[in-house]
Amino acid sequence: MAQRQPHTVLLTGFDPFGDDTINPSWEAVSQLHGETIAGRCIVSEQLPTTFAGAPRALRAALRRHAPELVLCVGQAGGRAALSLERVAINVNDARILDNAGAQPVDTPVVARGPAAYFTSLPIKAMHADLHAAGIPAEISQTAGTFVCNQVFYVLMHALAGTRVRGGFLHIPYLPQQVATMPGTPSLDLDTVVAGLRISIDTALRTRRDLRIGAGATH
Amino acid sequence: MAQRQPHTVLLTGFDPFGDDTINPSWEAVSQLHGETIAGRCIVSEQLPTTFAGAPRALRAALRRHAPELVLCVGQAGGRAALSLERVAINVNDARILDNAGAQPVDTPVVARGPAAYFTSLPIKAMHADLHAAGIPAEISQTAGTFVCNQVFYVLMHALAGTRVRGGFLHIPYLPQQVATMPGTPSLDLDTVVAGLRISIDTALRTRRDLRIGAGATH
Amino acid sequence: MAQRQPHTVLLTGFDPFGDDTINPSWEAVSQLHGETIAGRCIVSEQLPTTFAGAPRALRAALRRHAPELVLCVGQAGGRAALSLERVAINVNDARILDNAGAQPVDTPVVARGPAAYFTSLPIKAMHADLHAAGIPAEISQTAGTFVCNQVFYVLMHALAGTRVRGGFLHIPYLPQQVATMPGTPSLDLDTVVAGLRISIDTALRTRRDLRIGAGATH
Amino acid sequence: MAQRQPHTVLLTGFDPFGDDTINPSWEAVSQLHGETIAGRCIVSEQLPTTFAGAPRALRAALRRHAPELVLCVGQAGGRAALSLERVAINVNDARILDNAGAQPVDTPVVARGPAAYFTSLPIKAMHADLHAAGIPAEISQTAGTFVCNQVFYVLMHALAGTRVRGGFLHIPYLPQQVATMPGTPSLDLDTVVAGLRISIDTALRTRRDLRIGAGATH
């Protein structure tokens, strides 16, 4: 008799971009590959930091794993905390070249797609649980206009109308990336990985998000 | 015989909020009231910093003046440059009380409205012209989740489907507001007013925005 | 019969350095040249931004004008307020080349000079009067280790044992310098010049400084 | 036959101050108590965060341990890297109350002491070795005007004229201290402790400091 597939959580991270030789997002999510959290199996996939390749790789991973929940993770150099992203917007505006040398300016992520998608993860509950565990965390109102935002938008567009939930989390530099950049915040890998575990666990257990103010005046 | 109304540009600013006794947005836009820019007459209106009152006051001003173009201006304490806002999102999430004591958390600005609206102003051309004039300016990917974002969203919702263009501009503190707050940037009123004049002039003269990269990696 | 010389206040500013084409310190102090403040005549002199030339030029100006009070002014790109410097230290450590291509590392400003000199200006009273006038101001515990600190140290070394008082003030970028540098604070020239007038007036009128806490925890 | 005492390195950290319940400086140095680094025994002592008590406790520890080298460590909330302090200045100026409720303003640390003391540790070599190990580190030109600077000054005053070397290191908040303070940098305890080991090892092995530029323009 056929056995039911265990439910799967898909985590994604990026390859290094620009001058960096590592990408903390991949360092972190690859550590969780194969773990079980709240009874679900974690699978981690790497996405290329390219406007052309990342959406393709994400859609392939969604087909391959048919996940119950998806958390895409990216590096936000300069931020000091885990950033739970609230909204993905339908625009690419690249200040720098991506890893394939592309630099789209003011193009839509998805032609004729809606202007934005909100996350379907319970980010306020995740925020509260991260704080309770002593892990620096914040709600962010923008995921930028580079490949991270594109992946977040593509994810939410793909999940729209399904029961699969998804969202995006930005993480700071690792300490070794900022060793010679005084003033630039970092967070060590153990703290990031612990934060990802809590985020996933809370997301899986929470159906109705909390209503706790965590907005920005501007 | 009836004379045609001169075309009008509507500027809005806010009353002071929180502990502040002035609001630089009103100080700036009120200086431009009655001026003519690129052949249009500027009218300036003050909006209350309240979730209940601001949309009502904005809609009344739109009816009263039937403007050709609208620029709403608000204070973004802590920013160092004129911030041309790219997108308004359909959520209120107040970290602090508004001037009426209200503090909505994760409510929509407009029930069943789209997740976001993009500005219809040529913000890249405005950005370029501000830089050419030596005025600190940036493109911003978030107007926050307080009354400023709400007004921006309500504006774009009201203008949707019309030929009237509109957008939102955040401005820094004035120097006197930060006299005792070391490290907090400010911009003097003359520079802000000069920047508003350029912004309006460029917006009126530019039908098709420039494509110049000014995005954010995150 | 010989008439007594009016008492003189010496102001100094620097020529532009690095990639900058103007130096706000010279823009500001040159505006005050020839003014009378509290009955004293202001003379402004430009110093070169070089480790070799600045001390020479400063000493020559001291001889030429025999001032009653000296305020040296320099640019502190990235600061948001007028910075009243508390202390000059006896070390040069240049992270970048000066305008003559020199880059001393860990050399003394004055061989066998004391480790540091405190300002002899009443910086707490100046601080209070700037705040009362609504001008952003702070007490700073370090003038760096470049030409500004060198000039400050050379000044205090020259004045040691005399009744002439002196000190150093750092000022932010001008708005036009940061037009394309989002996030970097600036202060307009009128505010800086107004702040210099108040600083000089207070320094001349105050013999015994106020005791108001304005230190740093680190 | 008498055995020679093993040489000792004295580390100090502070008790928590203000609203904090832990002080990362004590968390870090207490972990190293009893370790051997480069053949020397590490002893760690806690100092109270009070202007009255800290000098007394430091002097007692110096007498008790007769160390070969001393490194005092303190928290610098808001900094992102290990800060190797270059200079201690002879002034107390407390912006906040110390743990005993005292708040000296513009008093000398040591009456008739010199204006400042430079560290006698090879901070450039330590800086280079920390960077080589991937640990965020910077040279700092000011230790503030609170108890940390006072302890640093008292230390250098006590060591003046002896062959014992000493200095001060500021460390960031721990992640759990900034969990709810978005934007505020932190560094985890393991990274700090690893950085302290390297700092001590390099200090013990380096007699003549490197000459590598690491100054500040202001």
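Structural remarks
All chains are identified by letter, namely A, B, C and D, in their written order; residue positions are counted from 1 within each chain.
By our rule, a contact is a pair of C-beta atoms (placed from the backbone, for glycine too) under 8 Å apart; a residue touches a chain by one contact, two chains touch by 3 or more.
A quick map from chain label to UniProt name: A, B, C, D = Pyrrolidone-carboxylate peptidase.
Keep in mind it's a predicted model, so treat the numbers as computed, not measured.
Path length between chain B and chain D in the touching-chain graph (shortest route): 2.
Chains touching both chain C and chain D: none. Comparing mean CA positions across the assembly, the chain most remote from chain D is B.
Its interface matching that of C-D in over half of the contact pairs by residue number, A-B stands out among B-C, A-B or A-D. Measuring from the averaged C-alpha position of chain B to that of chain C gives a distance of 38 Å. Annotation: 48 Å between the Cα-based centres of chain A and chain C. Averaging C-alpha coordinates per chain places the centre of chain A 31 Å away from that of chain B. Across the assembly, chain D contributes residues 79 that each touch 2 or more other chains. By the definition given earlier, chain contacts exist for A-B, A-D, B-C, C-D. The part of chain A that touches chain B in the complex is made up of residues 74-79, 83, 86-87, 89, 91-96, 103, 105-106, 114-118, 124, 139, 141-146, 148-149, 170, 209, 211-218. Within the complex, the chain C residues that touch chain B are 79-81, 130-131, 133-138, 175-176, 178-188, 190-191.
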